[in-house]
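Listed next: structures, encoded as structure tokens.
In the two complexes that follow, chain A is the common piece, with chain B as its partner first and chain C second.
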Partner chain A sequence: MSEVLLGVDKLGAGYGDMAVLLDMSFEVRQGEIVSLVGSNGAGKTTLMRALSGLLPRKGSIRFAGSEISGMAAERIFSLGLVQVPEGRQLFGQMSVLDNLLMGAYLCRDKKEEKRRLERVFELFPILQERRSQRAGVFSGGEQQMIAIARALMAEPRLLMVDEMSLGLAPVIVDKLLDALVAIRDERGVTVLLVEQDVFSAFSIADRGYVLELGKIVREGNAEELVEDPEVRRAYLGI
Partner chain B sequence: MRKALPWILPPLVVVILAALPWFASPTIIQFGISTLILATLSQSWNIIGGYTGYASFGNSVFYGLGIYGTAVAMVQFGLPFWVGMLVGGLLSVVFAVLLGLPVLRLRGHYFAIATLALAQVMSAIVSNVQVAGGNQGLVLPLFRGDKMFYELALGLLVLATLTVFWLSRSRFGFGLISIREDEDAAAVMGVNTTYYKVIAFALSGVFTALAGGIHAYWITFVEPESAFDITLNVKMIIMAVFGGPGSVFGPIVGAFVLQSVSEILATKISSLAGLFFGLVIVVAVVFMPKGLIDLRKRIGRLGWRYFTRNVKENRL
Partner chain C sequence: MDLIWQIFLNGIFLGGLYALMALGLALVWGVLNIVNLAHGAFIMLGAYACYYLYTGGHIDPFLALPLAMLIIFALGYLIQRFVLNLIVRSAMFTTLLITFGIDVVLTYMAQIIFTADFKTINPPYAGSNFQLFGATVPYVQMFTFVVALAVTVGLSVFLRRARLGRAIRATAQNLTAARLYGVNPRTLYAITFALGAALAGGAGGLYGMVSQINPYIGAPLTAKSFAIAIIGGLDNPLGVIVGGLFLGLVESFTALYIGPTYTSVASFGILVLVLIIRPTGILGRTA
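And now, the complex of A and B:
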């Protein structure tokens, strides 16, 4: 087994007095694709925000050997824990190129920046063709692609993708899932996929967790979880 | 030649403007001073409002602090003018940091309302402070030297514009623009948003306060009501929005065009002048929300469609 890249232990987070996550524990190993599924209101986005350092949190989060639960968002980001936020959150008025460059914001080396850009264009050639267009005019699937590309510009060690399938056609989702697998296989980037869509989430994952009301209620191999009668009943309606 | 133009034109304009007091009438010089000061205010607002996307109504507080910093230092402590300006500038930085930290957490309308309240509160506070002369205000030593005030105001405007020019091409400015476009995304991309916003607010504040200092010594009389005048803040915004918020020269062009037209209107038909600013903001927001600079860039290609497209794109 490879080493643990992200280890979350008894994590608690919420908004003001309202606790959303309660004593959550899970881990992501180097080179894995891990899916975390849960229905609306289970705390998926809260978890993402807590891990990224955008929310106050309790408990322990270890990432690549450092304790990050007390760190500010930009410090965590610079360690290589990078989020593709829900709803994409692109800089709509800025060009694709500028959006991508924002991903490498903390990189002060122009040459390195260019190298990263070339690597991202290799993965998504269409972005190179349309690099000077405004990000806001792209379709939903393409915007998600830009968001992933922007995150890759930061050379992440762990890529956290929040609700990638939101509002996208299944065909498009499949393509993006393929891209995530390629990112892992070719670049060795570990992926944490947080999803509502159980089927697509588990289709590419090595392992999975099921989140309910701020707690992990099931965990295991992705194939096992899809077969789990309770998961099937709760999420697939079968 | 066309490529070199943007590099030659601005310095040329500065040289012409700097030479102006030696052959213009006193009225023109006076008009020049007030317009240069307004352009500086509008340019300062551009840093926090245009680039960072925080529509500040608190810049009149910076202006008031600059005015009072200078006035109190000169009148109550007998310090020279430049020390007074320094005091005003320092006060505004302290204010920007102390109040920026909580207030800049608010977004959109909430930020605008909170800063609007700050200006009102400051005026009330200063009216009750003994050393600031209370409601009576302070009278500064008279200094007849419009030429000097003119050159000072011009110098400050150049400095503010150089700062904005730097913003437009630096990493720091890029960070501010990303905050304007989507603050959450900027934070996730590793921009320390709190720090960036406070620095932008402070930069905006320093130039505003220095302009206030020049104004105070030039007018030689200060009182709370006019020092913290909220309509001045509205003017800064109108000029910046009219010229082109988030551009380097937009606010200056806006200030000069609007000041000239309103001055002409005021002398010809005084009753209409008051209506003028309201009309301008309505027309600007509806037909050219990106300002004169954007209009000049794109009208050649689009013609009248430029206006109809804007109306359509920004459904009201």
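And now, the complex of A and C:
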């Protein structure tokens, strides 16, 4: 087994007095694709925000050998924990190229910036063709692609993708899932997929966790979880 | 006919300066969401900086301009870092109140330090002019116009091409996402505000060469900058050029045909019209 890249132990977080996450523990190993699923209000986005350092949190978060639970968001980001936020959060009035370059904002080396750009264009050739168009004019699936590409520009070690499938047609989601697999296989980037859509999330994952009301209630291999009667009943309605 | 041509040129020259005046206000407004009521005070201080660099330091006022801008940049940076960052992203009323307070403090400090006497920046070539198709063009007026336009276009290029400029635009559009990718909003806000102040300072230096300086010129210029920023729209530096030129022309022709006392009526009347007909500004994008 490969080493643990992200280790979360007894994590608690919330907004003011309202606790959303209670004693959450899970881990993501180097090179894995891990899916964390949960329905609306389970605490998925709160978890992303807590991991990225945008919320006050309790408990321990170890990432790439460092304890990051007390670190500021900017520091955590520069360690290589990068998220593709829910709703994509593109710079809609800026060109695709500008959006991508913002992903490499902390990289001050022009040559390195260019190298990263070329690698991203290799993965998504359509973005190279349409690089000077405004990000806001693209379709939902393409915008999600831009958001993933922008995150890759930061050279992440762990890519956290929040609600990628939201509002997208299944055929588009499949393409994006393929892209995530390629990102892991070809570039060695570990992926944490946080999703509401259980079926697509587990279709590419090595392992999975089920989140309910701020707690992990199931964990295991992705194939086993899809077959789990409890999961099927709660999320697939079968 | 000659008279109309002359008035047209006057209006264009005035408009270029107006554009530069409004540029910093629009930048700060767009990125920090602060309508900086002390903007005119920075213009006033820039004018004094240029004046003293010229009379005391014997530096040609146009060469003194970058230096004056640098001084006001530093002042703006400190004010943002230590005062405005405390209230950034808070309610509009709070930011208005604080910047109004800063305006009052700067104005009265200027009165104490510089006295209330009128001053003008008078380089040796101040009186010289040339003829352009029958109109008289003073060199100072023309240089002022060229410099104002060059700085405005320069800012536009900086925002489009430079790494920092890109980050400033990104932060204006989506603060959450900009933070996600490592932009430190505090530093960025301080730089943006300082840049806005420096632009005001530069406009002030030019203003001092074509008009008179006293500690109270700030407030009316803030109002005028505000009008131009709204007319031109906030999201495009080239918008303020259009807004500035437009206002310059309107004021010049109003002064001729209706009377100099009515120039403000005309400019603010147009502001009201723009707000009714096209609230996003002339070049502003509609969502």
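We take it that the second predicted complex is superposed on the first by the 238 of 238 C-alpha atoms of A that agree within 3 Å, B and C clash if a C-alpha of one lies under 4 Å from a C-alpha of the other, contacts with A are read in each partner's own complex, and residues count from 1 in each chain.
Here is the rule we go by: a residue touches a chain if its C-beta (ideal position, glycine included) is under 8 Å from a C-beta of that chain, and two chains touch if they have at least 3 such contacts.
The structure displayed is predicted, hence computed values, not measured ones.
Undergrad: Using the superposition on chain A, decide if chain B and chain C clash or fit.
TA: Pair status: clash.
Undergrad: So, does A:G92 touch the first partner chain B, the second partner chain C, both, or neither?
TA: both
Undergrad: By the touch definition at the top of the document, which applies to A:A73: first (chain B), second (chain C), both, or neither?
TA: Both partners, chain B and chain C.
Undergrad: What is the contact status of A:F199 with respect to chain B (first) and chain C (second): first, second, both, or neither?
TA: neither
Undergrad: A:F121 in the overlay: touching chain B, chain C, both, or neither? Say first, second, both or neither.
TA: So A:F121 meets neither chain B nor chain C here.
Undergrad: Would you tell me the residues on chain A in contact with chain B in one complex that are also in contact with chain C in the other?
TA: 52, 54, 73-74, 77-78, 82-83, 85, 89-94, 98, 101-103, 105-106, 108, 150, 154
Undergrad: In the complex, go through chain A and note every residue touching chain B.
TA: Spelled out, the residues of chain A in touch with chain B are 52, 54, 72-74, 77-78, 82-83, 85, 89-94, 98, 101-103, 105-106, 108, 150, 154.
Undergrad: Touching chain C in the complex: which residues of chain A?
TA: 52, 54, 73-74, 77-78, 82-83, 85, 89-94, 98, 101-103, 105-106, 108, 150, 154
Undergrad: Going by the contact rule at the top, pick out the chain B residues touching chain A in the complex.
TA: Interface residues on chain B, with respect to chain A: 171, 174-175, 177-178, 181-182, 184-192.
Undergrad: In the complex formed with chain A, which residues of chain C make contact?
TA: Of all residues in chain C, those touching chain A are 163, 166-167, 169-170, 173-174, 176-184, 235, 285.
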